[in-house]
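Both of the next two complexes hold chain A, though its partner changes from chain B to chain C.
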Partner chain A sequence: MEHDSHDEFDMLLAREVRGLDREIQPDRNLWVGIARRIGDHPQRRWRGRERWLPYGVAASLAIAVTSLVLNLIGVVDTASPEQPMPSELTASLDQLGADHASRRAPMLATFRAVNASLDQNTRDELYRNLEIMARARSEIEAQVRDNPQDRELVSSLLRLQQWELRLLSEDYASPGNTL
Partner chain B sequence: MTDDDQTLVLRAKDDDVTAYEELYRRHVGRIFALCRRLTKDHDTAEDLTQDAFVQAWRKLGDFRGDSAFGSWLYRIAANIALSHLRSQKHFTQSLEDDDLPAHRETTGLQIGLEQAIANLPDGARTVFVLFAIEGHTHDEIAGLLGIAQGSSKAQLHRARTLLKAALLADDSNQTPEDGVQ
Partner chain C sequence: MIRDRNVSHRATGYLAICLLAWASSLALAGPETVDEQLVVTPGGLTSVQITRGSLSVVGWDRSEIHVEGALDEQVERFIFETRGDVTRIEVILPKPLEHRMLQRTTDLTIHMPSGSDLEVSGVSLAVGVSGVSRQVSVGVISGDINVRGGRGQIELQTVSGQIDLLGADGRIFMRSVSGDLLAREVEGEARYSTVSGRILIEAGSDDQTLESVSGDIDVRGEGIRHLRGQIVSGDIRFDGSLAPDASVALTTISGTVEMVLSGEVNGTFDVSTGSGRIRNHLTSDEPTRPQYGPGRSLRFKVSDAVSQVNLSARSGDVILTRSGVRGVSR
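Let's turn to the complex of A and B:
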C-alpha cells in the first residue's frame, strides 16, 4: 500500500477511525459492583433540603431587603434637599418601571407554574417575600422620584429589580437547586 | 413501551435502582470504550467505568436535564479517566514531550488501528482519542487536560505521525510475506 501524501493518509485514517466501534462492552458484569457500591453510597438527600431551601432563600432575601432599606434610610437622611424632578428623569423612571413590569409578569406566571409542586406553606413563604420585594421596590422608586440626583438610590432600585427577577427565575421544586 | 432516558433518570432520582440499571445497560458500552481507549488497560477501564456510574448515581440530584443524560454521564467518566491518567507520573511528562520516540511502535507486527492507538504514548493517545474518536475540539481538550491548545495540536500531529508509521509498517510487513513459505 502506497501513500503519496499526508492528506491521503489522513483521509484513510479518518475513515478507519469512523469505522471503530463507538461502544465496547466490558468482559465483566460491572453492574454487580455498581449496585453494591450505590447501596453503600446512596444519592445525596435533596428532599429534606427541598423543604428548607426556599425558607433559606426567603430568609436571605429578607436580610438583603432589610439591609437595602436600612442603607436607604441613611442615604435619604444625608441626601440633598428635594429638588423638582426634571421631566426627562420622570419619563426615564416611568420607562424603567414599565420595562421591569413587562419582564416580571411572564416570569411570575412561569414561577407559579414551575413551583406549583411545592407545599402550600413553602409557596406562601416565597410569595410573601416576593410581595416584600415588590413593596420595597415601590418605596425606593418613590424615593428616587423625590431625590432624582441620587445615583445610589437609582442603583439600589436597579439592584432590587434584578433580585426580584432572579428570584422569579428560580425553580425551587427541582432537586439540587442552589442559589 | 421502552422508557426514554429522561423517564429512567426521573425514576432513578426516586431511588429506583432498576431504572438506573437500565441506564447502565444503555450507556456502559460508550463509557467503557472511552475509558479503555484513554487508559489502554482493560481492568483499569472497568474500574473507572464503575467509578463513573457510582459517581453519577450520587450526583443524580444535580442533573437537571439541561443536556442528555448520556452527555452528562460522559463528562463524568471523562473527568474520572483523565484524573486517573493525571495521577500517573509519566502522563504529565508525556503531554509535554513533543519528541517522537524511536519507532518503538513500528514493530511490523500485525497491528490493527485499535492496537496502534493503544501503543501510542499517553499524551498523544489521549489527545487522539479525545479529538479524532470522541470529537472534542482542541480548545476543549486543552481545558480538559490543562494544557495549551498548541500542545494539543502538537500531540495530535505526533499521534498521526506515529500511527502512520505503525500502520504502514504493519501493511508493508504483510504484503511481501504473502505466499512465502
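Let's turn to the complex of A and C:
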C-alpha cells in the first residue's frame, strides 16, 4: 500500500516536471521572421548568457524536484495530519524555497536590466505582479506546511515557481521578442 | 567687381547649404502620413511592428496590402516592403525615444488578404483585427487587443492591456500580466493565463485551460468537454452544461469555486475544501469530515455517465447548484 502511494506521488511529480517545458509547436515555419528579426536587432552581449538560462532553470528545477521527491517519498506517507510536520519535510520545503530564491534573484536582476527602458507605469505594473506572485507563493508554501499530505498543493507550488521564473525571463523591452 | 562676385558666390553657397540642411531635416523627420499599396503573394505573412499608437487590420479578398493613416511625429523611417511571402510594415522611431508630450502617434489602417497570416508587435499600441481567417499573433505591452476571427494558431499577449477575442477557431493562447482576458465564441483548444487580470469566457471552446494567480475566472458555455481552471487567490465560477464525457477540474487555494449547471447533470463529482464549506444543491448528498484535521469532502455520482468533475477550494467554499435556483449566493 505504501509502495503504491509512493509510485503515485512519484508519477504526479514526474507529470509536473514533464509539463514544465511543454509547448505546442507552431504550424507554419517561423524561421523567416526570426532570421529577419535577428538581423534587425543585433544581439547584445547579455543575451549570450540568457541563451542557456531556460536550460539552466529547467535543469535546476529538475534537480530541486528530484531532491524533493526523494525526501518527500519517505516522509509524506508516514505523516498523519494530527502530527506535527516532520523535520525532513520541513527541510525539503526549505531547500525547495532556497533553490527557488537562488534562481530568482539573478533572474530578477537581469529582468530589471533588460526591461529598464520600459516606461515607469509598465515597470510598476510588472513589479506589482511579481509581488503578487511572491505573495501567492508564500501563501501556498504556508498551506503545504499546514497540510504536508496534500500533494496537489506541492504541484501548485512547483507550477507557480515555474510561472514566476518564466515571467522573469521575459524581455518586454524588445517588441516582438515575447511572441 | 571681382570682390562683389565673390560675395555673391559665397551667399549662394550659404543658401545652398541651408536648403540642403532643411531638406535633410525633412528627410530625417520622415513622412507624416502614408497611403501605399503593394501586390502580395496570397497565403503569406504580414508582419507589423509599431511602437506606439493604434492599428486597425482588416482582411479583404484582394491579393494586395494597403496601408493608410498617420505616422508618429517622431518617425525616422517607414518600411513597407515584400520579400518572398513576407510583407514587412514598420514604423521606425529614434532610439532612445524622446519622452515629451506628443501631438501625434501612429494611427494606421491596414487592409491585407484575409487568407494571410498576421503578426503584430508593439509597445504602447492598441490593436484591432477583423476579417483575417488565418493565424494571428499579437504581442504588445500596454495596449488593448481586439481580434475578431482567426483560424489556426491564435496567440495574443499583453502586459497590462485587455485582450478581447471573438469567433476564433484553432489553438488559442491568451496571456497577460495584469490585463483582463475575454473570449467569446471560441472553438478548439484554448489556454488562458494571467497573473492578476480577470478571465471571462463566454461560449468558450470545449477544451479550455485557465490559469490565474489573483484574478477571478468566469466561464460560461454549453457542452463543455475539457475544462481545467486554477487560481491561487481568487474565485472561479462555471455556468453552463457539460458534455456526457466531460472532464472538469476547478481549483482555488484561497477563494470560492462555484459551479452552476444547466441541462442534464451527469457524472462523478469529487468536491473538497480545506477550511470552507461545501454547499451541494444538485443532490441530497452531504459532505463528510475527515477523521483527523480540518476540511470537508463530498463524492457522489449522478447516473452512469463517465463525466468527472473535481472541485477544490483550500480556503473557501465550494458551491454546486443548478441554473435558475434561487437563494444561492456566493
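Simple rule for what comes next: the second predicted complex is superposed on the first by the 95 of 179 C-alpha atoms of A that agree within 3 Å, B and C clash if a C-alpha of one lies under 4 Å from a C-alpha of the other, contacts with A are read in each partner's own complex, and residues count from 1 in each chain.
Note that in this section a residue touches a chain if its C-beta (ideal position, glycine included) is under 8 Å from a C-beta of that chain, and two chains touch if they have at least 3 such contacts.
For clarity, every value in this text was computed on a predicted model and none was experimentally measured.
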Which of chain B and chain C A:116 touches, first, second, both or neither: neither
Partner chain in contact with A:147 - chain B first, chain C second, else both or neither: second
Chain B versus chain C as contact partner of A:129, first or second or both or neither: second
Partner chain in contact with A:139 - chain B first, chain C second, else both or neither: second
Contacts on chain A seen with chain B and repeated with chain C across the two complexes: 24, 26-28, 33, 175-176
Interfacial residue positions of chain A with respect to chain B in the complex: 1, 3, 6, 9-10, 13-14, 16-17, 20-28, 30-31, 33-35, 37-38, 41-44, 46, 174-176
Sites on chain B touched by chain A in the complex: 13, 15, 17, 20-21, 24-25, 28-30, 32-33, 36, 42, 45-46, 49-50, 53-54, 57-64, 113-114, 132-133, 160, 163-164, 167-168, 171-172, 175
Chain A-facing residues of chain C, complex: 45, 47, 49, 51, 84-86, 88, 96, 99, 117, 119, 121-124, 135, 137-142, 152-153, 155, 157, 159-160, 171, 173, 177-178, 193, 195-196, 211, 213-214, 230, 232-233, 251, 253-254, 274, 290, 292-293, 312, 314-315
Touching residues (chain side chain A, partner chain C) in the complex: 24, 26-28, 32-33, 36, 80-82, 117-119, 121-122, 125-126, 128-129, 132-133, 136, 139-140, 143, 147, 152-153, 156, 159-160, 163, 167, 172, 175-176, 178-179
